[in-house]
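Next up: the structures, one after another.
Heads up, the next two complexes both have subunit A, just with different partners, subunit B and then subunit C.
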Partner chain A sequence: MLSFIFKRIGLAAVITILAVSSLFLIVHMIPGDPVSTMLGPRATPEMRAALEARMGLDKPLIAQIGLFFANMLRGDLGMDVFSNRPVSEIVLGQVPYTLVLILVSITWSAVLGIALGSYSAIHRNSLGDRLTGILSVSVIAVPAFVVSLYSLLIFAVKLQWFPAIGAGDAGNWGDQLHHLVLPSLAIGLSWVGYIARLVRASMLEVMGEGHIRTARAFGLPERQIVFGYALRLAILPTVTVIGVGMGFLLSAAVFTEIVFSRPGLGKLVIDSITTRNYPVVMGSVLFSTLIFVASTTLADIVNAILDPRIRAGK
Partner chain B sequence: MNGANISWTRVGLPRRSFLRGASALGGLAAAGLLPARWAQAAGGTLRTRTYADIRSMDPAFSQGVVDEEIHAAIYNKLIQYKPGREWGWQLDAAAMIEQADDTHINFALRDDIGFTNGFGAMTAEDVKFSFERIIDDALESTNKPDWGPLSHVEVTGERTGTIVLKNAFQPLWSITLPYIAGNIVSKAAFDSVGGKIDTQPVATSGPYLHAGWEPKQKTTLRRNPDWKGEAAAFDEIQIYHIDDEKAAEIAFEAGEIDFTRVSLDSVERLKSNPIAGATLEEFPSLYYVWVGMNLDNPKLGNLKLRQAIQHAIDVPTIMAAAYFGAAEPSTGIIAPGLAGHRDAPLTGVAADLDKAQALMAESGEAGVSLAIDVLNKSANVTAAQIIQANLAAIGITLEIRLHEGATFWELGSNEDLELVLNRYSMTPDPYYATSWFITEQAGVWNWERFRSEEFDKLHLAAQSEGDPAARAAMYARAQDLMEESGAYKFLTHEATPVIYRNSVTPALRPDGLPLYRYFGTA
Partner chain C sequence: MAVLDIRGLSVGYSTPRGELRALRDVSMMVPEGKIVGIVGESGCGKSTLISAIIRLMAPNARVGAGEVRFQGRDLLAETEAQMRALRGTQISMVFQDPMQTHNPVLTVGRQMMDIQYRERLSRAEKRQRAERMLALVGIPDPEARLNQYPFEFSGGMRQRIAIAMALMAKPALLIADEPTTALDATLEVQIIKRLRELQDEIGCGVLFISHHLGVIAELCDEVVVMYAGEVVETGSVRDVFHAPAHPYTRALLECDPGHIKVKTRALPTIPGNIPDLVNLPGGCIFADRCERRHAACAARPTMALAGDGHRAACHLITERETA
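Presenting the complex of A and B:
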């Protein structure tokens, strides 16, 4: 198991380096001069040259990549040229908002999706199953930004049950939770349908397997068969999908953060790309990649724990 | 549109004019003769919106209105903009300020202003430090041009001094002293942190304190208990960072903010379906939008062709379709209410197709195909499509090239640029507008590569001209020259519609930008 974990972490490191290098090249290839954007129209040539040197933009691209990784290993992601604050401080200040949003969204949608999927599988072809199927496909088809806008108009503007903007007052957990309801609804809703369909299909497959038939033949209670044996295996594809789906969740978070004016990594990336704030773009991208890679690695490890065949590489 | 005829009320005062208002104002407040919001604090929280996050709490590195909206509430200046429909200023930290001659401005500070965090009373040394550091090359302040020909500040007493200029500089009263470069900071506080600050002020002195900044979320200002001037109306001001105007409108409708600018396409809806307990007001903006033509591009070398384009563009249609009828056509780069604003453009506002076609024929050009570069905002795209249709009517094929922000703002150095739909920000002095179109700026911010010796001379002379009428005539002539070159078709100054709750008494500049320190409760 330990060697499996080390292999996965090694792979994650390689993926991170490749992803960050590619994004570094892409960011520097797009047109637009960060110095002009940052200093505005009234900067003198001397001021522009000084800022270029400070950002390392006067060096060849390959040297800039090397410098970025060398500094990164020392924990130095550079300074934000606008506010002169360390990039790591800026990014780390935003990461919790996005992480909490994603985790809350995926948690509630996974709990509800697994429950609905299990119910549908157990009550196959019942009215409840058919209703769940229709509702699941319906919510999968609705993009997060549409849910964001309509939930805003209904629950924030019309009913005024939930706040429309921001992430709540720092240190006030109740207020922050209140501010999380609509954004997490927007991100999580389509995942409820997706997970429900996945769990249903997976459960039906597992329920037809030999060991389940054997368990039934031995007269084990149905509850124990479903939740003790079938669900444990049926949930494996869901864990993998959630791990890989972290990229989609991050994308959905970008829209949601903008619509709800929430702070977060997505909003930071958009703002910094628009202003060609290279150090912040790279810092944000690094952390986004780390979140994605960590979640897929974690999904692999959880799968390996749940299924010994994966550990053995079968 | 409301307030179209705005004008400076205290610029161009005769020399040696004296203003000794602050103490009188304080006396009136004490006697209860001023409105309630001046005399006593009302309390509560004002929740408002800004379209971008702050960049710096150091006035030397402030990048514009977003930072200044906060600076104006937490710092003091010798003079501040006066809220209202007419441009003007009023005393702030200065108890007295006078223009002794063209190059000397004497001032005396109030004796009741102190800096927070134990940095003591505000003195003339602080004024000297605040102004001179901005022109210090070593600091590399991007706001240095605002101080124009500042030589130095002479300290003549603990709270008195003289601003000494190298030559006369009229914009001092309109865009230097009451704006970004006029903020007074504590010398001792800045010295204690090495002479420069970033996003956290070390010491402030205004009616509000900088109580917190949550990046990408909000800035909180709190009432300064030690402030001895006109009492701040609110216990707290929360300024939320909401990029999108539509999101801000939803937040307003949801009751989460009390004041915001709204988008032009929402004006009609908000007029026909007013939000209960709220007021919508429209202000003219200072921004200027125009179609520019690159004079260095051989494709546009023919004056008659450029003139044909000027006459073919139908500005009223652009106002109706791209600005939803909420903006007025402009006559130049200088907005109504500022010196040099012209009553009408030389090339008219509505398209004159007969004239445009005649000019096309005179030009001898046929089968002309051009491109217009446009920033990818919906108003710009719509305007470009209308221009495309307008030019098609005189036989010109126009390709629309869209760009995102950072790419668009790089286009100035592109010598192959043809037409461009452009929009520049503006401060309330014509000097700021003409400064981008001088020969020295060709290929930098003068994208049309317009070169005129007369224009350059006018720009230089007008900044020192003390006679308001003569100064206005100079700027009017400068805009005539721009238009006569055939390189410009002026479109609009846009507009600033704002909405606020009736429980709030907003204090706004004539262009609709907020002056939070003067906001009150209704």
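Presenting the complex of A and C:
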């Protein structure tokens, strides 16, 4: 197990290096000189000179990438063009908001989706299964920003059950949770449907396998068969999909954060793009990449915990 | 008394084409402590018969008529809870494909302990029992192997584990559905030998399904020959194999040059096909492929006594007597 985890983290490191290098190259390939690209049109000559020196633009590209990584590892992502605060500090200030939003969204939708999917598979073709199926397909089709807008209008503006904007008072957990409800509803809703469909399909497949028949032939209680023997296999594909789906979750978070005026990576990216604050854009994208790589890695590790064959590399 | 006594069992599957009549008026017995073999081509209803006995049938299956008496109780009349109490305690199963039999993500030990959930034993005691059972079926170093997962075992080992699991509760009836078909010949011999020894010790009745006539001859006391959803011949292995009374049985054996000591492990092929079980022909079910077909065969033959405890469903038997 440990060797699997180490291998997988090694792979994640390689992926991160490749991704960050491409990010670096993309910024360099934008027409115009990288310094004005990165600093934007409002940079002063002093800023340009400082950045040019720090980035070592006279050196070969490979050395530049090396320097970029060296800076990155030291936690130096450059300076915000306007406030002159370190980018890392700005981005790290926003990351927790987005992470909490995404994690809460995917957790509730996974729990509900797995429950509904299992129910549907066990009571296949029942009224409940059909209703779940219809509802799932309908919510899958609705994008997060539509749910955001409507839930904002209905639950925040009209019914006033939940606050419309912000993330709640710092340090006040209840208030923050209250502010999380609508945004995480917006992000998680389509996932409930998606996961329910996925779990239903794989549950049906697993329940038809030989080992389930064996378990029944030994008179094991149906509860144990479903939850102890089948579910563990049936959620493997879902874990992978959630890991890879982090990209979609991040982009859904962007829209949602904007609709609800929540702080977070999404709002930061949009704000910095509109003001052409490139160092901050780079920093935010870098963190999104890290979150994505971490989530796929984590999904693989969870699957390896669930399935010994993956651990053994079979 | 018989452990298992099946009387007039009919089972159908509903299909888009209509009802597929997989079993028709099947009667057979497993006497206490005896090994009864079932032979027959693929699709003749062997697995359907087994699934009806333990009542784990496909959702589209329906029992039309009949009784499945296990130690005198009609299993078809039991509640689901009563059935579940029997499964794995009084009646155990070994399935055909050892690669599919075990849960791939749980250790063998965990699965062997789980099936003892009804026993009032500590975890350590359950583990010990599992370990003893693995040793009995010939798995070396059982204590360590209990911590391994099914994929860490070969097919032969997995089938041994399946047998160990099935016999752990000392059932009154063991049902094995082609347990050695997926294995190679040497393994087959070893496993059959072990099964015979264990059966001797436990004294359970065994219903053993196989394609392999040699194995049936070696292992079984009695044999039931099935064709297209019907029992066509029953009797002691000796009688049936040395003096087959039904042309189908005879054809199977004649296709075997070495007779019972067959080299080929698949059931010999005889020309023709099993009839369509949705649109059954009238008369004798084997008539299409029978070399001895004659006028009388347009009527369905019933089981007739061909010798002491030896029966077959063919008009030739009664005709021989009357002639």
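Simple rule for what comes next: the second predicted complex is superposed on the first by the 273 of 314 C-alpha atoms of A that agree within 3 Å, B and C clash if a C-alpha of one lies under 4 Å from a C-alpha of the other, contacts with A are read in each partner's own complex, and residues count from 1 in each chain.
Throughout what follows, a contact is a pair of C-beta atoms (placed from the backbone, for glycine too) under 8 Å apart; a residue touches a chain by one contact, two chains touch by 3 or more.
The structure presented is a predicted model; accordingly, all values stated were derived computationally and were not measured.
Colleague: Touching A:R216, do we find subunit B (first), subunit C (second), both, or neither?
Modeller: After superposing on A, A:R216 lies in contact with subunit C but is clear of subunit B.
Colleague: Given the touch rule stated above, what does A:P163 touch, subunit B (first), subunit C (second), both, or neither?
Modeller: After superposing on A, A:P163 lies in contact with subunit B but is clear of subunit C.
Colleague: For A:L233 in the superposed arrangement: first (subunit B), second (subunit C), both or neither?
Modeller: The second partner, subunit C, only.
Colleague: If we overlay the two complexes on their shared chain A, which of subunit B and subunit C does A:R309 touch? Say first, second, both or neither.
Modeller: second
Colleague: I want to verify the contact counts: of subunit B and subunit C, which reaches more residues of subunit A?
Modeller: Greater contact footprint in residues on subunit A: B.
Colleague: Residue overlap on subunit A between the subunit B contact set and the subunit C contact set?
Modeller: Of subunit A, no residue contacts subunit B in one complex and subunit C in the other.
Colleague: Sort out for me which residues of subunit A touch subunit B in the complex.
Modeller: 30-34, 36-37, 39-43, 46-47, 50, 82-85, 90, 93-94, 152-153, 156-157, 160, 163-167, 170, 258-264, 267-268, 271, 274-276
Colleague: Going by the contact rule set out above, which residues of subunit C touch subunit A in the complex?
Modeller: So the residues of subunit C in touch with subunit A come to 54, 56, 84-89, 92-93, 95, 97, 100-106, 114-115, 117-118, 149, 151-152, 162, 165.
Colleague: Which of the residues in subunit B come into contact with subunit A in the complex?
Modeller: Residue positions touching the partner: 53-56, 63-64, 140, 142-145, 198-199, 214-218, 240-244, 247, 250-251, 253-257, 404-407, 409-410, 436, 444-445.
Colleague: Subunit C touches which residues of subunit A in the complex?
Modeller: Of all residues in subunit A, those touching subunit C are 209-211, 213-221, 224, 228-229, 232-233, 306-309, 312, 314.
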